[in-house]
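Please go over the structures that come below.
What follows is a pair of complexes built around subunit A, which joins subunit B in one and subunit C in the other.
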Partner chain A sequence: MREAYHVELDNLADRLSGMSSQVADAMERATRALLDSDLKLAEQVISDDVKVDDARADCEEKAYALLALQAPVATDLRIVVAALHAAESLERMGDLALHVAKAARRRHPDPVLPEQVRAAFAKMGEVDVRLARKAEEVIRTKDVEAARSIEADDDEVDDIHRNLFSVIMDKDWPHGVATAVDVTLLGRFYERYADHAVSVARRIVFVVTGRMPGYTGSDV
Partner chain B sequence: MREAYHVELDNLADRLSGMSSQVADAMERATRALLDSDLKLAEQVISDDVKVDDARADCEEKAYALLALQAPVATDLRIVVAALHAAESLERMGDLALHVAKAARRRHPDPVLPEQVRAAFAKMGEVDVRLARKAEEVIRTKDVEAARSIEADDDEVDDIHRNLFSVIMDKDWPHGVATAVDVTLLGRFYERYADHAVSVARRIVFVVTGRMPGYTGSDV
Partner chain C sequence: MAKRIEVKDLDIYYDKFLAVQGVSMTIQPRSVTALIGPSGCGKSTFLRTLNRMHELVPNARVDGKIFMDDDDLYGAAVDPVNVRRQIGMVFQRPNPFPTMSIYDNVAAGLKLNNKRLRKAEMDEVVERALSAANLWEEVKDRLPKPGSGLSGGQQQRLCIARAIAVQPDVLLMDEPCSALDPISTQAIEDLMLELKEKYTIVIVTHNMQQAARVSDMTGFFNLRGVGQPGELVEIDETTKIFSTPSKKATEDYISGRFG
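Our next item is the complex of A and B:
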């Protein structure tokens, strides 16, 4: 049973790694669609989201099979449940990339973002994608060193996000209320994506190593 | 074992019902704090959030005990996993109520909301709280009829939320960008709370009845 358990756990980890890669690609493309007002790319992100949903359903089935057939206990059990939570967060990250792509499509051919905040979004997109790729890397290489810098990346997104608000709220903001609302919501999507990515990366480290990095609560 | 399983499942359902009640209270108070600029009430919501986090940890422990000791399969297994997901969503609902309370505290003694949007937030708060209380009721009474109107309630929040945007984005919006940003984020918190409440209510119906209402995917 231990042998079968580990083979099935590896399959589940591979699928989670694939999902991390899918949602990293989705956010990379959505950010490019947003910055370049690229309708075709936005449409691609929107139509690809169903693949993320399918991958999540498949992860759940693999986790159910593990639980039902292997009846793991103790740490083994927590690892499978962590994988279930990670799959849920990854699906949500896909949804957030989808929201970004939909914003790009809604305003097309106009740009959504004024020049003043383009750099902030380019940077948030870059860090978000990096976070998702780290999660993927941790699984592929089983090298949890890659997970060490996760918190720093998340802090970077939070800093850019906070700074974005001071730009929008400045009394000299010249772009009007509608643009401020778009920028506010988009900023929130990037910030939430990073939060989920951190949570996924921690859980994936746990799935790979059986230990939760920098974690003191019971929220595995 | 079947007897023990059902006793433990009832315990878990009770704890989820308690969490639903906690997050309903939190959103009710946060909305009052927001509308009345009531600092004391806002502080109470903020300090009570740790109790929701504790309840979630306790639900997880109960679910782990069920999985490890009873090794449920098939529908029984899916029910326990649904409870785990429901606990996660309920914790998130608590966080969203916390965000509302923090907004009320941040602007105190000034009101966060201009007169023009007060009614919309009063209504969204009312429907959000009603959704959380329905989840609680379904568990307590095991009467899933209460769950039937969940989708309609969620549609109501979505309608108010959409209408809110047209108010903010109107070119005659006289309250400036900073207020529009506050209103945008607060609107998003109420909308997300309702989304999570719907997901929780469906999962709770599944925990109680073993059947997912109006659900066609595998996302239990």
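Our next item is the complex of A and C:
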């Protein structure tokens, strides 16, 4: 009886690491679709997103059942609560990859990005995917140090994102308003994606240590 | 009222058998302290040493010290009966005196303590105790009826009224809800939260959710091994014990990871 419960808890973690892997793939493909104006790849990301949504619903259902039937406490309780939050973050990451793919589809066959900012997006895409893969690893290994290193990587995305603004705001920006809007929104998608990956990592630190990193309240 | 209990290096023996070893803890006044742990780990035995009921078992004894505020409960000049008057106890099964009326059940403690009270004074004490036990409204019209005619939950509250009628400093409860349905259990739990305003309460419970709900501090007892004495593994704030306990054995127990 109790054994089945612990198997269920493990399953929940497996689900989450599976979701991380899905959203990492999604962002990898979406970025390629964006940079190469690859319509087929963009379509694939768009149709695959429903799988991430389903996985999130499944995680939630499992977590509620565990709460209702097993009354978990201590580490077990933290796993269930963290899973609920992490599943939501991962679903958002999937949605953000979806937005990128949709932008690529919308402009097809024209490129969305002017040459001037391609490198920045290639880099943000690369770091985002790396963060999601790390999150997957952190969920599997519950390695607190690895979880903390995700925050450092996120700073890299934040720097590129901030730098994009100065490029767009330049009064000599030659690509027009529509492109500026696209670049602004896309930049924002990549930056949010990385933030959600950080949030997932923080939940794992919470599971292991019982403390939410960056939270200054009481210990419990 | 509501005194602090300080336990220092307490070993509890049944004859030569060491049942519980090395317990030290401070029980704060006006709080509920819950003791949890597997059967046979010595938590009820420990509870009984707090009001010297333990020594009603032949050849049972303790080493170590228990202080209530500054009084040594096991001091040479201390009368155990007096200790039991100051530290009341409620048991697992409601045990009202079966032939006595509801009124006499509550008054019994005072009468046994040779308190000579006038009828009006006694009436007042009985009403106050029954009110404090949240039973007054339910029984005020049938005080002369036998206590055994009440429901299980009412009987348990009657026993609590009997225990607090003598105005103890500390109230010990040994699984007070394990024979009760959830509604009566909730009534007793609500009562504990009210009583802790005035009393020091120590409760032994197998219901971990109950410990989590009602107690301020939780102590986890465990057996060191088969045939080994029981011990206090850790005691800490209840929120800490049920969220991030310090000892792995505690986490395993509250999470249901046995063996």
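Criterion: the second predicted complex is superposed on the first by the 195 of 220 C-alpha atoms of A that agree within 3 Å, B and C clash if a C-alpha of one lies under 4 Å from a C-alpha of the other, contacts with A are read in each partner's own complex, and residues count from 1 in each chain.
We adopt the following convention: a contact is a pair of C-beta atoms (placed from the backbone, for glycine too) under 8 Å apart; a residue touches a chain by one contact, two chains touch by 3 or more.
This structure is a prediction, so every number in the text was calculated from the model and none was measured.
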First, second, both or neither for A:Leu84, with subunit B first and subunit C second: first
Touched partner set for A:Arg107, first subunit B, second subunit C, both or neither: neither
Dominant toucher of subunit A (residue count), subunit B or subunit C: B
Partner chain(s) touched by A:Arg118 [first = subunit B, second = subunit C, both, neither]: neither
First, second, both or neither for A:Tyr5, with subunit B first and subunit C second: second
Contacts of A:Arg140 with subunit B and subunit C, given as first, second, both or neither: neither
First (subunit B), second (subunit C), both or neither touched by A:Gly210: second
First (subunit B), second (subunit C), both or neither touched by A:Glu61: first
Contacts of A:Lys51 with subunit B and subunit C, given as first, second, both or neither: neither
Touching partner for A:Thr75 - first (subunit B), second (subunit C), both, neither: second
Subunit A positions touched by subunit B in one structure and by subunit C in the second: 71, 73-74, 77-78, 219-220
Residues of subunit B touching subunit A in the complex: 53, 56-57, 60-61, 63-64, 67-68, 71, 73-74, 77-78, 81, 84-85, 88, 165, 168-169, 173, 176-178, 180-181, 184-185, 188, 217-220
Residue numbers on subunit A that touch subunit C, as the complex places them: 2, 5-6, 71-78, 209-210, 219-220
Subunit C residues within the subunit A interface of the complex: 208-209, 212, 237, 239-240, 242-245, 251, 254-258
